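As written, the chains take the letters A, B, C, D and E, and residue 1 is the first residue of each chain.
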Amino acid sequence: MNNTPLSTTASDPKRRNLRAPIVIALAVVALGAPMVLGTYAVHAMVIALIFLLPAHGLNLLVGYTGMLSLAQAAFFGLGAYASALMSIHLGTSFPVNMLAAIALACVIAVPLGIPALRLRDTSFVMCTLGFVIIGQAISKNWISVTRGDMGLNNIDKPTVGLAGYSWTASNPVEAYYLALVLAAFATWVFWLVVRSPAGRNLVAIRENETLAESLGIPTWNYRLAAFVIAAGFGGAGGSLYVHYISVASPLMFQTLYTTTMLIIVLGGGAGSITGVIFGSFLFVALSEGLRIAPELRMIAYGLSLLILVFRFPQGFAPFLMRIWDWAGGVDKKEGSA
Amino acid sequence: MTSGKVSVLDIKGLTKTYGAVTAVDNVDLHIDHGEILGLIGPNGSGKSTFFDCSTGLATPDSGSVSLEGSDITNWSLNRIAREGRMLRSFQKTVVFKKLDVEENLVIAGQMFTFPSVLSTFSVGKRSRMRIEGLRKHARELIELTGLGPVAHMAAGNLSGGQQKLIQFASMLMPDPRLIMLDEPMAGINPKLVERVIDTIRYANREMGVSFLIIEHNIDVVTSLCSRAIVLDQGRKLCEGTPAEVIANKQVREAYLGG
Amino acid sequence: MADNITLSLRDVRSGYAALDIINGVSLDIPQGEFVALMGPNGAGKSTLLKTIFGMTTFKGGEINWQGRQIGGLATRAVLGSGISYVPQGRCNFPLMTVQENLEMAAYTIRDPQVKADRDYIYELFPSLLKRRATLAGNMSGGEQQLLEVAMAVLQRPKMLLVDEPSVGLSPAAVGIVFDELLRLRDTGLTILLVEQNTRKAMEVADRAVILRLGEVIWDGKPADITHDELGELFLTGKMRAELAHNEKLSQ
Amino acid sequence: QDADIKIGLVSPNSGANARYGSFAQRGAALAAKEINEAGGIDGRMIEIFPADSVCTPVEGVSATQRLINQNEVDFIIGDICSSVTLAMQPLVEDAKVVLVNAASSNPQITYQAGVGGYKYSFRNYPTDEVRALSIAKYAAEKGLTKLAVLSVDSDYGRGAIDFTKKYIDDLGVTLVSEDYYKEGEVDFRSVLTKVRKSDAQAILMYGLADTTPIIARQMIEAGLAGKLPLLGNGEFSAAATIEAAPKAMDGAIEAAAWLPAYDSEGSKAFVAAYEAAYDGEEPNNHAYGHWETLHLLAQAIDDADSIDADAVVAALEAISFESPMGTITFDDHHQAIRPLLLLEIEDNAPVVTGSVTGAVTYADN
Amino acid sequence: MYFLLEQILNGVSSGAVYAIVAVGMTMIFGVMRAINFAHGEYYMIGTFGGWYATSALGLPYPAAILFGVAVTIVIAYVIGKFVMQRMIGAPVEASVVATLGVSLVLQNTAILIFGGSYKFFSAGYIEPVFFGDVGIAQQRLLIILVCILVFLGLELMVGFTRMGKTIRAVSQNIEACEVVGIDVKKVVMTTFILGTALAGFSGILTAPVNVSVYGGMGEIITFKTLPIIVMGGLGNVRGTLAAAMILGIAESLVAGHFGLQYRDSVGFITLILMLLWRPHGLFSSRARF
C-alpha cells in the first residue's frame, strides 16, 4: 500500500505467511474493541476514526501530491458548519448533511484552489493557512448565520435511516461502529484514488513537477483535483464530527485541529495509507493517554513528537512496512528508508 | 525552405533575452519528417534555452513555433507533450527520485495511453490492462538500455549515467512524433552510447520519430545526424551536413577549439 | 613505485546505508600521477570518489593519504587534509553570482593570494569572467560545469578528485579543462579523474583503472589497452584473468 | 467507611486560557481541603479529578468522557469557557452525572437547563444578560451616554453587548463604535486612537481579565487614561490590574460576581485562606467561584444524604446555600439567583457601590 | 489627516516588532529550509526573562533586556544542539513535526514553571510624547529606532561578511557547502541562535507596551510572522522589513477604520493578494529549472 513500489522480493516459502492472520486479528480487534473497552476509550477511538477522514485528504496532498496544505482544517470546519446549519434549519438527516458537506467543500475548493495552486512550497502552505484564518474570521463575524462565538449546539446525533426504519448512534459505542464503517469506506475510496493511474501521476508531481509536465501530465489539473478531493474528505470529517460532538464553534478553525491532522499524517507516514491509519490512532491515543498527568500532558506530547522525529523521521510507514514484509516472510535486502 | 512538404517542427524568429543577455537571437529552424537534426554550439550559446522556448517551459519574447503546421507557440509544456506528442529531455538529469525505474517509465507513458484526465482516475479492468501494456513496454526499454539489474531500485539512488538513461528511455515510452534530446550521451559509457545511437536510429526508421539532438560529442552528431545547426551567442552560425559544419572555419574556432 | 605513494587504498568497502557498492578496492597512487578511473555506468566510480571524500558509509579497509588514515573521516576533515572534489552533476550555489561562488570555493583559505588565484581562473576561463555577475543557477549547463571545476582548483588541493568534468562541455572547453589538469599535474598535483569520455581520458592520463561492479578489474597504462578492449571490459568484465596475471607480474 | 466522593473539574490548563484553569483548580482544591479537614461529607472525603479542556469543545468533551467513564466521577464542575460547557451539557445528561458550572456566563447554558431541557446541568454564576442590564443602567445614571465598545470577541463579550443593545434605547445610551478583540490580542493602539478621536464618554468593555491591564496601559500610551473610564467586566478590581495602570483604572466601573475586596466575613476568610495556601497569590473571581461552588455542591450532597444524581439534583433545586455573598438558590432553569456586585475604582481600590440580584426572565427567550 | 498619520505611526511601530521577530525566522528558514513553528516561543522566553528580571530580581529595564536575551540564547543553544542540528538534511515534514514539538514543550514548560496566568510587565517607558495632535509612547520610538539599527546591521552582515555569505550558501546547497568546507552544523547553530536571540530581544522590547506575559503568547507571534516571511521572500532580510511594515500599517488601518475583529485576517488576506500578484514573494530570486 506504500506508494513507493517494493523491490522485487522473494518470499521464503519455508516461513509461515502471517499476513492473513494479522489482517484477521486486526479486523477482530476493530470490531470487538467496544465490547471490552470503556466508553472513554471508545470515544477516543471515535475521534481517531473521525480525524482519519481529513487526514486521508491531507495525505493525498502532502504524501502523494507533495503539497503541504493546512486548509484541511478549513474544509473540516466548513463541513461541520454546513452540516450543523442544515441539521438545525432544514432538519435534514445525517447522510444528507454529510453528502451536502462533501459537495460544498468540493465546490468551495475550486475557487480557493485556483489562486492557491499558483503557489508552491511555503507560499502555498501560508496561503492555505490563510484560508483557515479567514474561515475562522467568517465563522466568528457572520453572526447572523454562525452565531459567532456562541457556536451552534445541540446538533442531532447521527441518524441513518432507510424507508421508515432508522437508527441513531446515540452513544460512543454506536458512534464507533458508524465511524468505523464510514472510515473504512473512505479508506477504500482513498485507496482507489491513489492506486489509479491518476494516483501515480500525483506521485510524479510530488517527485518533480516540471518533469511531470514535460511528460504530458497536466499537473495543474491534477493538483486541483487532489485539492478538491482532499476538501471532500475534510468536509466529510467535519460533518461526522459535528454530529458526533454536537457542537460547532469557531474554535474548529483553531490551530489545534490543523496541527492534529498534520501530526497524524506526517507522524504516521505521508504517502502511506496504513501509516496514516496507524497515526490517527496513535496520536489520538497519545493525546488522551497523557491525560493522566494534566500538567505534563502537553510537554510529554511535545517530547513524544521529538522522539518520533528522531526515531522515525519518515513516520511509521517504513516501520509498518517492515513488519508487513516480515509477516509475509519476505527478507528485504536493501533499506528503502 | 524545403520542397513543398510540411516540416514536423517549424520555428521562425525565436528570440529570448534575459536582462542584457540575448540567449536566443532570432533563430529559424525546421525539422523535416523523419529527420535527425543536430544542434551544436559552444557553452552558453543558447541551445537549451532554444529548447525551453520551443517546448513551452519558457515563453519566447518573439517568434513562432509550429508543429505539423499548427501554431503551438503559447501552448504549455504538458500540452505540447501530450497533444503535440513532442517530447524533450533536460540537460540536468531529472528523474522521479523515489520511484523505481519501471514506475518512472510507466508514468512517462500514461498520459499518452489514457484519453483524458478523468479516465486516469479509473481502476477498472480496462485501465489495468492499459497499465499492464505500459509495463511491458517499459520492461523492453529497460532491457534495451541495460537498466535491467536496477529496474526496481529507486531512480534517485542510481548513478548519474543510469539516470540519464532513464530519461532517454522515458522519451520512447509514448509513441512520439518528435523527440528533442539535450545531451543524451553525456556521462553514458561508450558501449552504451553505441546502443543509444542504435536505438535512436531504430526509432527514427521503424517508428518514424524525428529527432532534434543537442550533443557535444561530435562523433555522435556525425554518425547520427543528416544535418546540423550551429548556434553561437544565440545566433545561428551555420547549417549543413555534419561534415560541412565541422569544416567551417568559424565553427572550428568557436566550438571545436581549433 | 613504493615510496612516493601518496594515496593508498587497501581493500576498501563502502556503500549507502545497508547497501554495499564498493567491494574491496585496493589502489596505490603515487604523487603527481594522473589516474583515470573508468567503467560502465553504475560501476561505483562516483561512489569510490565519494568514499575517499567521506561522503558514503565507510565499511572497512584502509585509506591512507600522506601517511594518515582518512577512511571514514568526515568530509571537512578530508578537505582540510588537502583533497578536493568535483562531484558529478550540479554542485554550486545557484542563487549566488559566479564571483560569489568562487569566493565561497576558497572559503577555507584566508590569504591575499586568493584574489590572484581568482584572477587566474578568470583568465583561464574567460566565459566565467563574462558571467561573473550572473547567478550561477542561471548559467548554461556547460558554464556551470566549468565553474565547478574552477571552484575545486581554487581550493589549492594536493589531490583532486574530479567526477566527469567533461560532461556538458564543448570540445573546445574540454580541451581547456584537460590542459589545465595536465598543467596542475605537472606542478605535482595528484589527480583521480572519473571519465566516460574514454578517448580523451586515455589521451591525457598516466594510468587507467577500470572499475566494474565495485571491483577493480583492470589497472595499467592507457597504451596497454585498445579502445575495443576497453569497451569489451565495460560490457562483460572479461579480461579479469589478465588482470590477475598483471598483478602477479608486478609482484 | 464509604469510598471518596469523586468530583471532576474541567477547566483549561493549557493554551491561551490556562490562567483561568489555574485559578479554578486552586479554588476548588482549597474548598476540598477545607471540607476534608472538617471531616468530609458525612465522613466521606472529596477527591478532585482535574481535566484539561484547552477551551475547545473536542478536548472538553474528551476530558469529560474520561472523567465519566474512566475516573467514574460522581459530579463534575466546569468548564469556564461557555463553548465547552455547552458541549458538555448533552454528555452529562446522557451519563446522568450532575454538572455544576461555576464560571460560564453565556445565557444559553441555563435557557436549556432545568425546565428548559437538561436536567443535570446547573450554573452557579451570573449571566451576561443580568450583567449587561445593570451596567447600562448604571452608566445612564452617571450620565455616561456615549459609549465606545471594546469587548472580547467571544460569546461572553459579544453576548453582553447584544444584551446591552436590548436595553440602551430605553436608557438613552448610544454606542458610538463597536470593536471586538480576539482572545490573546495585545495591541489596542489603533482602536484606542480611534476612540480618542470620537466623542465617546466611556469605554464599554466585557473583557478578559488578562487583557484589562494591557488595555489600561495602552490607554496611558494613547493619552486616554483619566479621561475615559472603563465600564463593564474584566477583573477591573484585581490588585494586579490596578497596579499595572493606576492612572487608567481610576474611575472604572465593573459588575462582578465577586471581588477580593468584598466586605464580608466569609469572603475575607476565603481570601486569607487562599493567600496562605498559595504563596500570597491574590485569588480572582473564578478561584472564588469554584471554591464556593464546591462548598455548595457539598452541601447539596449532604442535604441529599446520597450521591445519587437525582437526589442531588433535587437537593440543588431546593437548596438555600449561605455563601459569603448571601443566600444562593436556583430557579427552575437551574440558574443560580445570586447577587452581582457593582463597583467603582477609587484611589486605586475598588469600592462596592451596589448589588443586583440576578433573576432572569425567561419569557422572551 | 492626523488620525491617519497616527494610525500609520502605530502601524510602523507594530511593523518594527514584527520585522525583528520575522527576520530571525526567515534567516532560520534560510539555513534549515523549514518553517520554525516554535519561533514565537523564543519571543515568549525573552519576555519571560525580562519580566523575571524586573519583577523578581528587581533589575532595571536595560539590564532586564540583557538578562532576557541571555536566557533566550541559553535555551536556544540547548534546542539547537539537540533538535535543530539533527534536522539538517532531514525531510521538511520532519522539521515541521519537530518544531511543533519544541513549541509544545517550551510553551507548556513555561506554564508549568510560572503558572498559566498572565504576568504583567510594568517596566519600560510608556508615557506618550505628542507631536501636535499625534501621540506616541517613548517605548515605541525606541522600538522603531532599534528596528532600524538591527536591520542596518543585518543588511551589512548578510551582504558583506563571511558569516552572511555562509548563511546564504547553506540555504542554497548543503552538498556544495561540504565540498567547499563550510561547517554546516555550525552555521545552522549560529543562525539559529542569532535568529532566536532577535526574537527574544524583540519580546522584551515589546513587553512594556504589550504588557502581558504568558506561556501561550508565542503562538500568536508565530502566526503573525508567517505571512510576513513569505511576503518578504523567504530568507530575504530587506523583503522581511518591507513586508512587516506593510502588514503593520495595513493592520493598523484596518483596525482603525473597520474594527479590531478584522485585523488578524489582514495579514493573510494581504498575503494572498500579494501572492496572486507575485507568486514568489516580494523580493525573491529563483534559478532556472
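To be clear about the criterion, a residue touches a chain if its C-beta (ideal position, glycine included) is under 8 Å from a C-beta of that chain, and two chains touch if they have at least 3 such contacts.
Molecules present, by chain and UniProt name: A = Leucine/isoleucine/valine transporter permease subunit.
Keep in mind it's a predicted model, so treat the numbers as computed, not measured.
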Labels of chains that are neighbours to chain A and to chain D: E
Pair joined by the larger number of C-beta contacts - D-E, C-E: D-E
Taking each chain's centre as the mean of its CA atoms, which one is most distant from chain A? C
Could you tell me which chain lies farthest from chain E when each chain's centre is the average position of its Cα atoms? B
Dist(centroid_CA(chain B), centroid_CA(chain C)) in Å evaluates to 30
Taking each chain's centre as its mean C-alpha position, how far apart are chain A and chain E in Å? 32
Rounded Å distance, chain A centre to chain B centre (Cα mean): 41
Using mean CA coordinates as chain centres, what's the gap between chain C and chain D in Å? 75
Would you mind listing the residues of chain B that make contact with two or more other chains? 57, 90, 92
Residue numbers in chain A touching 2 or more other chains? 140, 210, 295, 297-298, 334
Quick check on chain C: which residues sit in contact with 2+ other chains? 19, 138
Chain D-touching residues of chain E, taken from the complex the two chains share: 3, 6-7, 10-11, 13-14, 107-108, 111, 115-118, 120, 122, 126-128, 130, 135-137, 140, 209-212, 214-217, 219-220, 251-253, 255-256, 259-261, 263-264
Show me the residue ranges of chain A that touch chain B in the complex, using the header's touch definition. 4-8, 192-193, 195-198, 200-201, 203-204, 207-208, 210-219, 221-222, 225, 334, 336
Within their complex, state which residues of chain A touch chain E. 62, 68, 115-116, 118-120, 122-123, 125-127, 129-130, 133-134, 137, 140-141, 210, 255, 259, 262-263, 266-267, 270, 295-299, 301-306, 308-310, 313-315
In their shared complex, at which residues does chain B touch chain C? 18, 21, 41-49, 91-93, 146, 150, 157-162, 165, 183, 186-192, 216-218, 254-258
Residues of chain D that touch chain E when the two form their complex: 12-23, 150, 153, 178-182, 184-191, 193-194, 197, 209-211, 213-214, 217-218, 220-223, 240-241, 243-244
